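Each of the next two complexes has subunit A plus one more chain, namely subunit B in the first and subunit C in the second.
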Partner chain A sequence: MDNVQDVFQETPQDVFRPPPMWRVFLREHWLHLLIVAVLIVLPHAIGWITGDSPFGRVRGSRVIMAGESTYWQAIFIEMFSLAVLVMSYNLMFGFTGVISFGHALFFGIGGYAVGIVVQYWDVDPNLAFIAGVLLVIFITSILGLLIGLLSLRLRGIYFAIFTLAIAEMAWLYAGSWRLTRGEDGLTINRLPEWIDPERSRLMVYYIGLALFVTAFLVIRRLVRSPAGAVFQAIRENEDRAKAIGYNTLRYKLLSIVVASVLAGLAGILMGILNKSARPELLGVTYTVDALLITIIGGVGTLAGPVVGTAGLHLLELWVRDSSIILSLNLGLFEFTLNFSQDWILIIGVVFVVVVLVFPYGLVGTWYRLRARVGDWWERRRATT
Partner chain B sequence: MTRSDAVLITAIVGAILSFSFISSGGNVGSFGITILSGLFQGMLLFLVAAGLSLIFGLMDVLNFAQGAYFMVGAYLAYDIQHTGGLIDVGIADPGLRFIVGVIAATLAGAVLGVLLELLLRPVYKRHLFLLVLTFGVSIVMLEGIKAFYSVTPYTWTEFFGIREAQFTFLGQNFTQYRLFVLAVGFALMVGISLLLNRTRIGIIIRAGVQDREMVSALGINVQTVFTFVFTLGCAVAAFGGAIAAPFLGATITMGTTYLVAAIAVIVLGGLGSYEGTAIGAMIVGLALAAMQQFSITINQPVLASITPMMLLIAVLLIRPRGLFGQER
Partner chain C sequence: MSAPLLRVREIDAFIEQFHILEDVTFDVPDGGITVLLGRNGAGKTTTLRSVLGMTSVTSGDIEYNGQSIVGKKTHTIAQMGIGYVPEHRAIFSELTVQENLRIAARHKDDLPRNIEMIFTLFPDLKRLYQLQGGNLSGGQQQMLAIARALVPDNRLLLIDEPSEGLAPVIIEQVIAAIKALAETKTVLLVEQNFRVASQLADNYVIMDHGQSVAHGVMASLSQDDEIVQRYLGVGMH
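Right, the complex of A and B next:
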């Protein structure tokens, strides 16, 4: 038993001391914290640089939303909404392997339900708004549950097309229903002051940021929990997950319901920002956007949707505002490419190129590359 | 086709027919026109869905660009048939110009199909990326067409006297051109069916739908078969667009509109089944025509547009794999 003696005689500097908690946390999350900090100060920073107040310009007794800072706030609010939509889609599709072509249904319900409650319920706008948000959470979770239950019977692509059919029906119906004001869309102008983007946009910006961060944390917590491990098992092979004894339907339902509610909340934000709910919110475009951005950012990665949304949205903005005109003379005919006019064409080409160059999405390919470089470094260090 | 399949299809068709008979108010002429118009719309759906179904069956790729091929075909045929278009073929006879236009559109569809297939090759193993790629290509084609044909107030000149001419059927007028589309579409339907069932390449395609790896293990170059099917599917879509253009006109959104309905059709018929696609297209077309008739009577136009989706949902709830689908 002389070993015991040895242990006790060990000198203090040999004992392994874990580094303090905050340092571990910082080392792991410095990038996340930095991004959030930048986003928090961004409106003020832009306002400070350009000299425009982030609260808008004062015109007599009213404040109007003009100037660089408020312009960028609107862009970022839209980006937060899209990012939450894409992250929720990624939870369902990238982590659980449930393909849906009708995710815009929940996004549109978010915008429309809040709009209808605020516009038609004649009470204090604060109360109406909160009731609207609760209603959205209620409807999206019930609807997510019902549609999710059908995934027991419909597998894979059949489920995807089924959801597409439901969303398309909702889209067509919203475009002709009198309550939703048909094709023109429902104007939402009875919002309480604190969440009206025309009166206090900075507040909406911070609410959007809070929604974005919360959604990210919720999805991260869910994916890294034991339930998240089951999600990924279902994605890899549902029959095996069943064979181990998991009730896979229950886990798929959890994933679908959380994704539906988050998409509904993102839809509320979009409805508030546009101050209207239009049939496009329910249209197949938003679903396809979510699907494509998920794939381009990196399927089944936490950062992928955020990187994809930010990248594509800012690129789209830049292309639309740019004044680049390319002229191509092919002898037979002349082809001019005006970036700001043909921006959709540029985005289409970017889709094709990104898919061919980054076969696992932006973030997915980056992870692989990093792992490969790390391996190579390890091997090199081991040999020399 | 098993007995229960036959019973189900008969029940669906019977329900649609009796519904359209009731909604036409027992008027035989108007009922007949509804049926003809239903078959015509079903044929248009079939022309987009046929290629989609062949490609999906063999390669598991939902080709989002299929609608764009339909649109490109329509635009090209439109342009060549029109005397002052971008492409001037220098033929005086409008009938001949129409034929040249259809052939050129089909060839262009085939060439573009080969190009798309070449582009898809590096990512064949990753189905999701194929979705993004085909979608990106469809955007590029759409915008390319938009850039070339910035204004299209083209009008069709009469050819063979069939575009404007009408014939009387049980006291109701019906355009002859729609009958022409029906006939050509039916010939194509039978032609592809013969190709699949009576030729060597057809046997290989059908075997590939069942089990792709087994086919390549037997020493058949599946890659070539892929290229062939992709080209065929795209050419059929472009041909459909060219044939449909004199009736539908050429618009930028026509491809997308028909794509969603065509996806509904191939799922309703059961993925990977050619007969399913043909029957599904006809069922959806008939239901659409009956609902259009009905929605005019009760003044609810939205009912007609949601019909394909409602039918799809109903069929999927009864049959989770569509009418003739297999597990996949």
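Right, the complex of A and C next:
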């Protein structure tokens, strides 16, 4: 609040004196730019450090995806997909206050729709793939709109249960249909070369990065716009937003449709990476993951979902990979904790601790702490 | 006498199975302040919410500016020029003062056009412009809630219990502000504090057990001890 004094003396229209554009941009985005730059360089940097080419290893006449760099590329592609899923969930749940338990429906539709088009439509793979992506955008936006319309009648937990029912239904059907290859899942092996993770993983990595950055910018633009303020007003009190004169349904639909399409695109990326679409993509696990990561990262913050996804994903990777075994001998009982086997227990404990120590999520608590320190500093300066 | 701005005719309203309003009938004349008086649970807040379509009216009619608004959607009614200041200082606590005001604008130029008027009424808000609503004091939040209803060019303001839970000195400020804004707008006020109501209002409507039981000019009510005793309890200053 360094401009309280200015506000006091001037009318609000005069308060805003814009400094040069590039300085505003740099001051606001230096961290974003740094992260994107690191992510662009990352596969090459890992390749350079470990000596494994980021393009994979040559075996005779073929290139296979082996080595450290391609291994980490796969991990980051999965992280990009999850981050987009969580960010989209946060747009709906964190910013607009709509709780859905069926968000994985859109994630799964992304994987399945592209898979079905690519596998069954006997045309040029490039054409099939692009048609699949467009189909996903179409289906997810229509379905998001329909489910969003139901939020007019169903509020809060009833809406959440309804979405859960729809997603579980899709999960059951996907597991039993011939078209989706039942529980085995649909193998996706007719991808064009440029997006096949077994042939050009680095390209998939950069496409994933582009999707991640685009999703972040779209959500950021949306929540910083006037519509974003209405989203937050709806989250705080929908009746109040209506009483001001807002057709809140329209804003909720906007939020739900954008979230649905982004989740669908994230699902495409996951389907490509796994080269298959399995019923798990539609399962409640992905929705719960998105919900938990949103809470752990910081509900209604832009960076929360990203920090939460990266933190948990890397933590899980480390715990599952570690060879730590803790043993506690109490005479009668012997208690052993094997990190790589009991990883889910470890993650659970971390969840509990994070929620207790960071009640507003990692990013949310950090923002509050920073604001409080700032306030304290201002008051100290004002009194001395 | 000109036609009333708001005509409420024999409305009935339910909340779940409870019959809250029964045959409520009153007029709000164009201009000035009309106050809804009555004990707790008499149906005053429900009446305001019914006007805005937030509680559904099962029978009867509400006319605003000659047009029936029963059954219309809340946001449509609000857009016709009715501002609502709910009880408990209903601001958006996570938005700043500026965002709270900006979100209320219906046209781009609403806020720039009315901001000087708002700052004249509530000079405090100018100082607090960039602060989050949740960090404001109770009185400041009440002022922000009223200010929010002044951003668009509303003709009628529904204000619910503006003095509730505020310190006497703040109440004086709120009274002065409502008096000032009533020079250009019509106000329908719900107020428990009889002293506040009698300072502010031109007309009164008394509600009791979900019915409108008396109405008239405020100045005459202050003299009429019998009605005051019967419907508003005893010992009202």
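Note that the second predicted complex is superposed on the first by the 364 of 384 C-alpha atoms of A that agree within 3 Å, B and C clash if a C-alpha of one lies under 4 Å from a C-alpha of the other, contacts with A are read in each partner's own complex, and residues count from 1 in each chain.
The rule we apply is simple: contacts are C-beta pairs under 8 Å (C-beta built on N, C-alpha and C of every residue); 3 or more make two chains touch, one makes a residue touch a chain.
Just so you know, these numbers come straight off a predicted model, no measurement behind them.
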| item | value |
| --- | --- |
| Subunit B versus subunit C as contact partner of A:F339, first or second or both or neither | neither |
| Contacts of A:I296 with subunit B and subunit C, given as first, second, both or neither | first |
| Which of subunit B and subunit C A:A229 touches, first, second, both or neither | second |
| Partner chain in contact with A:A165 - subunit B first, subunit C second, else both or neither | first |
| Touched subunit A residues, subunit B compared with subunit C | B |
| Subunit B versus subunit C as contact partner of A:Y173, first or second or both or neither | first |
| Subunit B versus subunit C as contact partner of A:R153, first or second or both or neither | first |
| Touching partner for A:Y246 - first (subunit B), second (subunit C), both, neither | second |
| Complex contact set, residues of subunit A against subunit C | 1, 3-4, 7-8, 11-13, 15, 226, 229-230, 232-233, 236-237, 239-240, 242-248 |
| Residue numbers on subunit C that touch subunit A, as the complex places them | 52, 54, 73-75, 78-79, 84, 86, 90, 92-95, 98-99, 102-104, 106, 112, 115-116, 119, 126-127, 129-131, 148, 152 |
| Footprint of subunit B on subunit A - complex, ascending | 150, 153-158, 161-162, 164-166, 168-169, 172-173, 175-177, 284, 288, 291-292, 295-296, 299, 335, 337, 342, 344-345, 347-352, 355-356, 359 |
| Parts of subunit B lying in touch with subunit A, wherever the complex brings them together | 62, 119, 122-123, 126, 128-129, 131-133, 135-140, 142-144, 146-147, 260, 263-264, 267, 271, 301-302, 305-306, 309-310, 312-313, 316-317, 320-322, 325, 328 |
